[in-house]
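Below: one structure, written as structure tokens.
By written order: A, B and C. Residues from 1 in each chain.
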Amino acid sequence: MTTFLGIPSVGAPVRSSPGVGHLQGSESFPTAARRALGDSQLRSNIGRATTTIRGKRARVVGEVPDWEELREAGRTLKASTMARLPELLGQLEEQVTAAGGTVHWARDAAEANAIVTRLVQATGADEVVKVKSMATQEIGLNEALEAAGISAWETDLAELIVQLGHDLPSHILVPAIHRNRSEIREIFRREMPGLGTELPPDLTDEPRELAMTARRHLRRTFLRAQVAISGANFAVAETGTLSVVESEGNGRMCLTLPRTLITVMGIEKVVPTWQDLEVFLQLLPRSSTGERMNPYTSMWTGVTPGDGPQEVHLVLLDNGRTAVLADEVGREALHCIRCSACLNVCPVYERTGGHAYGSVYPGPIGAVLSPQLTGMTGDAVNDSLPYASSLCGACYDVCPVKIDIPSILVELRAQHVEAAAASGRLPTPEAALMKAAAVSMTSPFRWRLAQRASRLGRLLARGRDGQRRIRSLPPPLSGWTGTRDLPEPPAETFRESWAREGRS
Amino acid sequence: MRIALFVTCLADTLYPSVARATVTVLERLGHEVVFPPGQTCCGQMHVNTGYQADALPVVRHHVEVFEPYDAVVAPSGSCVGSVRHQHARVARRAGDEALARRAEAGAARTYELSELLVDVLGVEDVGASFPHRVTYHPTCHSLRMLRVDDKPLRLLRNVRGLELVELPSAESCCGFGGTFALKNADTSTAMLADKMRHVVGTGAEICTAGDSSCLMHIGGGLSRLRSGVRTLHLAEILAATDDPGAEVAGQTVPVGVVR
Amino acid sequence: MSAAADGTAAVPDARSEVMARIRSALGEHPPVVEVTRGYRTSGEHRPGAAELLDLLQDRLVDYKAGVTRSTADQVPATVGGLLERLAGGGRVVVPPDLPGDWTAGADVLRDDGALTSAELDRVAGVVTACAVAVAETGTIVLDAGSGQGRRALSLVPDLHVCVVRADQVVQTVPEAVARLEPRRPLTWISGPSATSDIELNRVEGVHGPRTLEVVLVTG
């Protein structure tokens, strides 16, 4: 919600533009997950891919003797940056401007889309080439450009696969991770000829052959494009230097060949000094693709006469980030450097894939970032995301900047319950049960009564002596007994037997 | 040493044999075990489901009940994890700094069973005997919240007759996750299916762990499949001896026979 | 120029409002965080040490780059041999200030800054120097400085021959960062372009040069 009141808003945190961009799906996580779990091809594609990349990451992280020190530096750098954000953004703006760039500010997705559209229109171009960027996916920039009659060509291979497949990204790093090679070949065969790229009739599904097909398909586009749009992995306040970390060279093509370059970046991506890149350039590639260093990293500072784009813009995006910053626990989610290591180790993501999260930010980091960007109302779709985790903690262990995702998940669950209460949606049966449990748990007497009541479960147990099990319970406990037995409650609790023996 | 047993609500109510086994092991090692009768639950279910306001009195109750004791042990990585990493946070979130400090002091004296045995009591051989093929599942909270590392394995390797077989993908979550198992039952079940496949693949008779909750989940699935593989808590294995008169894994279970 | 100058931002302009939101989010007393830098800022080997050259070579080869060792006076012959073998005697582009003898005998197009992308697309390869190389990560960095030219040169042609002097090879990333001037356009290159977007299988050679050959100059 944008405020147009004539005075700067200092009241309630302002969330992302509702209905613009891709931060919230149309169904709750459990519902979307159920469908994904039924897709065995999807599960096998994602299971294989995440297993591979987990192994690669572990190998290259294992060879760094000071990995923990780098993580701690990354964590403190990010925390310090957030605390100094106004000063650092001001410095960044100053430095970019001094180097010949133009800085724009966008309160939300709609405003960022309008700025970029206007900038493209000013060049007279009717197409742009794009470097993979989470921020522009988040704000739905491609749709906005489309509506203005501007074609936006995704040039990262995975983004190309998603775009040609009229699909949605399902992973931060590898957006087409849910597609296997034969599905990709089919998408290429169906879509590329219509865009002017003839394919050999005997095109196989060898990854190398598919990658070469993409090279051929995009080469002409790169050579003619006048405008490129990118995100940024890092922006150095001290020098005004922007950076894009990539693999294929599509980023370099976009950042080098067109005349105009427009970069859209979340305000949290700023880092204080040039030296700080020595930390992040070590943390990111090893956590992300499991490489010692990614094939290409480009860094540019404003305009360099005679080299690269001669018109350079930077759009600084809020779109709910300041609302995240306002939460003392949740603000750590803004430290994310988008490596996706947490997705690759998450047992939930591994089974459901990214689409179930309904946002461009899937997996554990998405489960804490998306609901904070959109806000939780007590019954919004994104209210289900903080519960999409068994709190196993694997994400926290691999995070290169040590974001305590499990603690943020627990905090957001509390905020969800509070939002539900505030909007009059409590008491639900769950809330009533929790209240009753809490009441019994604060008195040993009431607790013994509750334990005795649970012994009624003995009536439901079936089977031979010593093997008796409860095999069926009514909702919501049927969620348990659908696939799992429960033991028969014992005739005596531990405290009863302890008391019977007269022990203390 | 005088040790207070934090039984955990689950062991007290559903798995008294686990609590009994914890007492057996510690007494066999010559320690005095007391049971603070006022104890109920650590409140983790409330915290992890979002009901922090309801958790606050439960946390306060737990802190008060265990405050008089110098050492507290629980046969659960998860409940100790909640005491150590959640109690003070719950108190601070509610603005009760005094309670938060008391909770931190209590947490520093609270140990998971394998931590107490190996780190505090300095014991790796508890004199147990258990002639069975066993695989060990490191539960997420003992592994990643408490960092018990290989302490349970060191204890198991010293059990006479026990054949320890490695569990593939051991560090993957079993899918329990408290109310996650109900709220996201489909995903939880998918995680459980993979865990069970790995357990069954080891050819072990027993799958053990340091948490009754995860074992309830894994064991409930294995039972539904009629897989023939049983679950036993680490404490129950450590309590087992080849002395025919000794108590093993609860009073109703004969020596060497698995529930 | 800030966005307010576009004349389209509402009042208050977006900049003031975002800044106000940030200040409000942080409150009156933002936390003071001390940055800890306990990591290595240099390696155990001095730049150019034999161990580093071996490590760099190993890491480059691991990412499917070619590596040829050469003495300084053999550079022309080494580069010539690589061009002969990999560019098939085709035309190569070089930065205006590349030492002339490095490409003696080859069909050379010296960049005058006016070559279009389409023209660069028609040459077989490019020969450049570099600014610094990182042994631990198998990385060479170009900063558009001496013998490196503008960024498009090392991007569009399909073969990149990069000449690295031993004294340019440092062990760690922090040492490289310290040697670089951030305001120059920088390109960090670790192996030929690659993608892992199809089932996470690494495929070398997508949009950037599909062949990267490093000439490591010693002595």
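Worth pointing out:
Basically, a contact is a pair of C-beta atoms (placed from the backbone, for glycine too) under 8 Å apart; a residue touches a chain by one contact, two chains touch by 3 or more.
What you see is a predicted model; the values in this text were computed from it and never measured.
Taken pairwise by the contact criterion, the protein chains link up end to end in a single open path, with no chain closing the loop.
More C-beta pairs in contact connect the chains of A-C than those of the other pair, out of A-C and A-B. Greatest centre-to-centre distance from chain B is found for C, with centres as Cα means.
Remark: chain B and chain C have CA centroids separated by 53 Å (rounded to whole angstrom). Centre-to-centre separation of chain A and chain C, using mean CA positions: 29 Å. Rounded to a whole number, the gap between the C-alpha centres of chain A and chain B is 33 angstrom. Interface of chain B with chain A (complex): residues 7, 9, 11-17, 19-20, 34-35, 37-41, 43, 45-55, 57-58, 60-61, 85-86, 89, 93, 140-141, 143-145, 171-173, 175-192, 216-217, 219-221, 223-224, 252, 259. Looking at the complex, you find that chain C touches chain A at residues 1-3, 6, 8-26, 30-41, 59, 63, 113, 117-118, 121, 134, 136-139, 144, 150-152, 155-156, 173-174, 176-178, 182-201, 203, 205-209. If you check the complex, the residues on chain A that touch chain B are 29-30, 33-34, 37, 43, 347-348, 351-352, 386-394, 396-397, 407, 410-411, 413-418, 430-431, 434-435, 437-438, 440-444, 447, 451, 454, 466, 469, 471, 476-477, 479-480, 482-487, 489-490, 492-495, 497-499, 503-504. Across the complex, chain A meets chain C through its residues 3-4, 6-11, 13-14, 45, 48-49, 52-53, 65-66, 69-70, 72-73, 76-77, 79-80, 82-86, 89-90, 93, 97, 99, 102-107, 111, 114-115, 118, 155-158, 161, 174, 176-177, 180-181, 184, 207-208, 210-212, 214-215, 218-219, 222-223, 236, 238-241, 247-250, 252-253, 255-257, 267, 274-275, 277-279, 281-282, 285, 289, 291-301, 304, 306-308, 316, 318, 322-323, 325-326, 331.
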